[in-house]
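Common to both upcoming complexes is chain A, partnered first by chain B, then by chain C.
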Partner chain A sequence: MNLTRRNFLTWAGISAVGAVSCKIPFPEGELQIQSPVRLPEDLVKGQDNWYATLCRQCPAAEGVLVRVMEGRAKKVQGNPNYPVNLGKQSARCDAGLQALYHPHRLAGPMSRSGPKGAGQYQPVAWDQALNTLGSQLSDRGQGLVLITEPLRAHLGLIVSRFATAFGGRHLGFQTLDDTTYRGAAKSVFGQDVLPGFDIAHANYLISFGADFLSTWGSPTHFSRAYGEFRHGAGRTRRGTHVHVEPRFSMTAANADRWLPIAPGWEGHLALSLAYVIIAEGLQAPGVDVAGLTGGRGAASLEAFRPETVAPRIGLPEGLLVLPGKDAAEFIRQLARDFAANRPSLAIGGDSAGAHSNGQFNLEAIYALNYLVGSVGAPGGVVFNPASPLPDLPAAAKVGSLADWAGVAEDIRGGRSKLLLVHQADPVHGLPPSVGFREALGREDLFTVSFSSFMDETTALADLILPDRVYLEDWGSDIPEPGPGYYTLGFQQPVVNPLSDYDPRSFADLLLAAAQEQGKSANLPWPRLRDFLRESSDALFALNRGSIQAASADEFWTTLLRQGGWWDEKGTGPRPGAAPRDLLAGIAARAAAPSYFGAADGEFFLLPFAHNTLLDGQNAHLPWLQGAPDPITTITWQTWVEVNDHKVKELGLREGDVVRVESAAGVSILAPVYPNPALPPNVVGIPLGQGRRSGGEYAAGRAAPESANVLDLLEDRRVAVSGALAWAGARVRLTPTGQSIRISKFEGTSPAREIGLSPSEDIFKTVSSNGAAGGAR
Partner chain B sequence: MLPKGKMVPLALVGLGTAAIMVFVLVVVAMSWFSNPPFGLGNAPPQPIAFPHTVHAGAPEQGGLGIQCEFCHRNVTKGAAATVPAVEQCLFCHKTATGSPGTAQAAEIAKIREGITDGPPGSPPAVDWDKTNPINWERVHRLPDHVRFVHEAHVRFFTAGTTPETQLPVAQVCSKCHGDVASMTEVQPQARQSLKMGTCLDCHRQNSVPTDCTVCHQ
Partner chain C sequence: MATERIDHKWGMVIDLDRCTGCQACVVACQAENNVPMNTQDRFLQRRAYEWIRIERYWEGEFPNVKARFLPVLCQHCENAPCEPVCPVYATYHNEQGLNVQVYNRCVGTRYCINNCPYQVRFFNWWEPQWPATLRNQLNPDVTVRSRGIMEKCTFCIQRLRRGELTVERREGGRLDAQALRDRNFGPACVAACPTGALIFGDQLDPNSAISPYFADANEHPHEEDRTTRAYRLLEEMNTKPNVLYLKKVDQYPLKQGEQHG
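Moving on to the complex of A and B:
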């Protein structure tokens, strides 16, 4: 074929038509993009960041890591590096997120617009609110009272210097205050900073009253150590634990043996153990018994012979705790075990120290540690160092009931006209007879609350300046009890407040106010962060401890990244000899507990801190309301634990509402929970519920009358320390005829053993008499 | 050398070559000037008339102001911007069903295909097994020999040190895709054909390397 022009054009035409007519061969779907049906889990926008900071849901201030995505905190978990909790955390820490995003958070400054206590407030601008604060400080600042949660480290120093600059005073508020325990630690060990306990390396542990696995001291720290104590790697044997407490607490439930002692007699039992140890010569080698007893040996404790003590302390003879032995012999055997299985450790607190003779009780308990050589030794009492930096307080300054009565008196006498309150609720936490509610209601008192949430004290305030929640703010802590070496935890803001909220940092407000009033000679920092940075530079200059850095800047960033600084070589003071005549002196101060309340009351009342709500400071957080009590599994409400036989005797059933009455006209209402583990003469009621203000989660669910167990207490004090004797009340129970359903996890779905029905043809591998196999 | 009678006529070879060249030319030209994938053209018909104006439009113009990266969730994280899952549409359209009887409601109902409504007053339950994926028609597509990573480009223009490189994400998107928030139907815009010239112009303007291997693998 010749390539003529005609042919060329023909073929060009054919190929062009061919190109157009045959479709361009794209694979099917190539020009489409598909929306999948389900959102793939990994298609999450944003990246997570983890920041180290401190939890402030309980006084232990555990170190936590917070997961933050797109500026929102999503998860709180323990900081594996932080010496107090080493990666573990309590349920209270998890609920910090709810404090952050709580619908009842106070959004901005408010000023009172109705009568005091009516709860009527109007929002004001920050400028106006700060002007009011400034003018109140200059008019009434002299003699001001600054009430906070127990504070240590930087904020502790700022509030204390602020109060001093105005000629006022600062007091930390704790409902179940530990001033008695502090007093005992001071007189027995000579320590201002609370000691720690090396539970992990102890072989034998006797605890008196202290519910250290739930709420007492630093529960996560202790719980972790308790795990080591029971089955730690490298242990040759499991530690033995005896718990002495009238109520069956979480710690009692974990112990090998629980001794339901008569309330207030713990010190007598402790001295009785001491008597046996000395009389039988069981003390650790090198213990100067003569020095402890004034040279008189066991004779100085003659009054505490087991035969004398046993009938008083109410151990149920022959019952489950003392099979086959009488109580005196049991005490002797307990003392022998305690002395023989060294290192052994005795700790006490909570209800043991909350009787009129509480300080005697705790001193007697802690003195036992000298007899077994456990003071300052591995597996014993560990002394904590003071602050690594000068001036920073390592011990919280906590007010006793005597202090609070003094404050109320000063307000009534017109000597204190300005009250500043931060994250403390003394109106809820003090017995009504102290008169704090009436004092705060006085017209000549101006109260400023820095609380992030409404509570009973804030409801009486004239001005509310909401603080940032701790996940939004700077801070620091020296843990108390500490791990036994220098530790300074740092708290950094991990998120900004939501745009609906306009809180301001309490510390920064105090620093600015001091500046404005010309009182900043001892408070030169513009903001708390500047103070923290200054301390970071000071720690860098020390050139030791957990952070190695080339520059101060690198030190600061590493410090924040790790959540703090600690120096394991910087241990506490070496213990000196025991105070002279320690045991003899304690024995001389011995006293029986004196009770108050209903003289004909059949029951001893044992209030106890709620496992998650504590004294009520966490009552506004639904997660913690919904966390079941570890013993009763009750959620969202208060209850009265009564021995189940007693419940039958009174003709009651679970959920029947009773009036708990400690004196004429002093009563609360609560439903009964039958608890077989409670001694017949004791009732237990948790703290935390029955708040009168604070939103629907904390308040408003109570019976028409009070459900706050603290309302049953009187202005009775522990001798010497002046703390509230909260465990010494006697009460009557009167049925009201009403009944409510108790919300609890336990027993809601009946359990039935498999294999009981003939149709279930299953075989047990072990028969009831222990023989393997076969038995149906 | 083959005998003369057996040789393929030179003319035939020329004709074949010419035909192949014309075929290729026409294909390339069609690709270049016609609708997507490679061309600048009109909006292809989509299975659901999704208006970006309503979703991403500025609130003052009656839009919802949803950020681009809320739906195109991967755009700041990986190579592909991705289209949202049906489940994500239903975040809102479970309850936002449009006024009954309108065209809008009919379009929204297409997303909700397979959703079984419960008794009156209860929120509609979704039967995921019966819900269908949506096959959108691609408006923008780069050929396979181009390696384009959305994340790197968004990062360049949002996380830089100069004002020009600290833009909001939406402005970065519009550099290549036009002001999608104002488009009822998405279509390529003038001088944003996403051909190699568009890429090179921008790379040169911003002093970014133009080596072949930067984009071509």
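Moving on to the complex of A and C:
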């Protein structure tokens, strides 16, 4: 017998425990090696419970299961039944646990004890705090403004009715707000609720700007479909994805082809594709081209001939290595591929809609779906139904920049004297020129924050009434975009707050306050749970959908166990005909983007939502700060992405700090990251950092490590929608001579360059030609 | 106490054509396995711990440039280079195909990470610390590793053990693909992965989604003979990993010039 390592171990083990192992038949081969030392992992003890609820770390509100042991939440995992994410989750979902057990959670109610914005607060008792809230509501309630995160379903209804009862208004806050997209969806599809996309069954997908795999819309929902789009069971071919965006986003990195277009010209490219499809008669059978174009056919889009559009949209020369073909021919071929590989789908959002002409861009993009017959068809645009129960809002009400400027104006004019803020940080998320910080600093304004954590807006509040974290609270959601059928997700408390914390539910405080002030005619429920139970009984009475129950009580417990109710037969409205003259009308509204900022600026500034921190709402969660950015692998810092050759041309190196300036005196400092995939005239800066309040994880790093890119933006708006035109700024870069180390993951493990030699070829590809695209 | 154990041989398949680099697996793993918090300082010292990590590679130059995402975790090699070099038998191969680290045997020589071609072992340079409240989140099924010892991906052995205990010993069933997926007994990264790029299963279970790929790879030692996209990382080193990768499908390869499809 050869003495191999394993044999040696076996003999060593047997001699150590020989006497014992002769008597008791342990699994063969295990004990000998383990000897008396047992792996703790082998000794699983204790009972765990998994409770279904909703995640609130991003607006998509995925359905999750939370593992609870002995009263403590241990793990968040996707709810396999919930239609939005079907068991999948994003990196953000897990971090709900860190919010729950965060060392910087606000423990209880506090009242301001120093000057506004000084951050001096003293704890007060709940009775006293609620008395203050009550007296403020009765004295200044008229004209109050209630600012929340984008809300739907029960809490959406409560906040909206509460604001109305006091003669005020409610607005949802989103830093990169989707009002332009909502406007485009309304005018192209006639829908008030955002549509969904059947990416899983599409064959060809063109996306414009929308970083839908990372942050845009419902990323986990889309990502799950994207996996199916590539290699789903039952597919005969792999889907093809083309992404059009000036910046190399995570979605661009995953596309089969990325087209770096000049910022703001997405709509022109879309109409050029439409022109080719119509001129060459490539539209899907049955598409009423005459109806779309006012009877004029391709002539209505004459201004968008590829020959006219190609020179304007800035596609880089080197990209077009088509032998004997030019950029116009490239556009024609793209249109032919899009039309031929049905079902094909066009989606747009993010930076494509964040220019002065953003609404035109998005309308042009979405109108393409009519030409290929994808509206309301499998593999195309899916319409979502309104709420299954009357009154419950299925669409979030989100404020545009015009709305926020109006709020600031009302505060300055003394028309709004009371501001209630819940899980929204407009002071951090609006360009400084809107003047929100100054407005909130006014002495004649009383601000109540219901935030569980300190943030920039809460730091200006007069009274802080910390809400429960969502894993401790009731709630609900109608997902938007939804799966295309009735879905009502339910959120239940999975644990109690730790004894150190004394939060109270925001919804219950509003209901109690309305009661006390005699404004509860439309808010008759003592607590949110009562309202949820009432809705459960109403769903039971509908007698349809995912829950079969003998009694209303059984229905309620099943509802909570499943994490919600859905009905696949309750699909959205059937698509009507396209609006008359849709394409001709959009073409008539065509406009070039107008840029702002530094007139002599060499670079376009493309801000973007951070993969895990989003706009900064998750900046206090260390797992999400420490999760590397997918493209740059940077953690814990702000950075400026600049084309790698451009960096050399400027005489800079990674980590060199530059001043990014959009106007005289309007600048931020940030370190440079050389990015090989950025156009030479574009710089990208993530949102998410630059927080000044919220504890060491969110705000523990000063400039230049942490900066808020929104500080560079002006009050420039998208035509029609009034949203912030956040993608239209031009900036200058000036070296400062300072340099810092970039905290990135790249380089932590010795990496091997692709293709250096065959033995080091660790990332392998197969050409789709060789494997017929359907390779297993 | 002694019962017949059902044989398993765990394995993972990673489809590079599905992975989008979103980091969901990375955070899910840290939450499940009590991985110490990656503070900024740890990144600056290049000592961040990610039992599963996404490596990002660049290919080409602007504008014809691609970013490639490669998830890397412990490959659970059959011929594990980390195992023979451990002087105290802290790392060994168990009968289910797992490369296992016995924390309380480890004396911290770091020979194993020196010998690991995949760089998936992590040495605890510091005592792991969490703020008191965050300790409430720690998973009671997983040991918190102290300073001076090595740690690595376990394929979430605590979940597999809980699955065996529940499904096989208590219920008399089998921890098959359905039980792994529907009852949260599979690794946390696999459960999280939004696009389904990570697939986990039992190589001895013919109905498992991973089985055809392992059958193909085991039957055809030469990559070019295979009928699927399967390959192993650094296959020429003959470490025989229990993790397979499926090649990325490249519709517009940079090297062969422009093609339309």
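Just so it is clear, the second predicted complex is superposed on the first by the 692 of 776 C-alpha atoms of A that agree within 3 Å, B and C clash if a C-alpha of one lies under 4 Å from a C-alpha of the other, contacts with A are read in each partner's own complex, and residues count from 1 in each chain.
Note that a residue touches a chain if its C-beta (ideal position, glycine included) is under 8 Å from a C-beta of that chain, and two chains touch if they have at least 3 such contacts.
Just so it is clear, the structure is predicted and the values come from calculations on it, not from any experiment.
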item: First (chain B), second (chain C), both or neither touched by A:S90; value: second
item: Partner chain(s) touched by A:W50 [first = chain B, second = chain C, both, neither]; value: second
item: Which of chain B and chain C A:A73 touches, first, second, both or neither; value: second
item: Dominant contact partner of chain A by residue count, chain C or chain B; value: C
item: First (chain B), second (chain C), both or neither touched by A:Q122; value: neither
item: First (chain B), second (chain C), both or neither touched by A:D500; value: second
item: Contact residues common to both interfaces of chain A (with chain B and with chain C); value: 24, 26, 29-30, 33-34, 37, 39-40, 44-45
item: Contacting residues of chain B [partner chain A, same complex]; value: 9-12, 14-16, 18-20, 22-23, 26-27, 30-31, 36-37, 44, 69-70, 73-74, 76-77, 82-89, 128, 131-138, 141
item: Residues of chain A touching chain C in the complex; value: 5, 9, 24-30, 33-34, 37, 39-42, 44-46, 50, 65, 67, 69-70, 72-78, 80, 85, 87-95, 97-98, 100-103, 105, 213-214, 219-220, 223-224, 226-228, 230-231, 238, 240, 248, 250, 253-254, 256-257, 260, 316, 318-323, 333, 337, 498, 500, 611-612, 622-628, 630-631, 633, 635-637, 643-645, 676-680, 701, 741, 743-751, 753-755, 759, 762-769, 771, 773, 775-776
item: Residue ranges of chain A touching chain B (in the complex, touch as defined); value: 1-3, 7-8, 11-12, 14-16, 18-20, 24, 26, 29-40, 43-45
item: Touching residues (chain side chain C, partner chain A) in the complex; value: 1-2, 4-5, 15-18, 20-24, 26-28, 30-32, 37-40, 43-44, 46-48, 50, 53-70, 72, 83-84, 89, 92, 94-95, 100, 102-105, 119, 131-143, 154, 157-158, 161-162, 165, 181-182, 184, 188, 191-197, 212, 227-229, 231, 233-234, 236, 245-253, 256-261
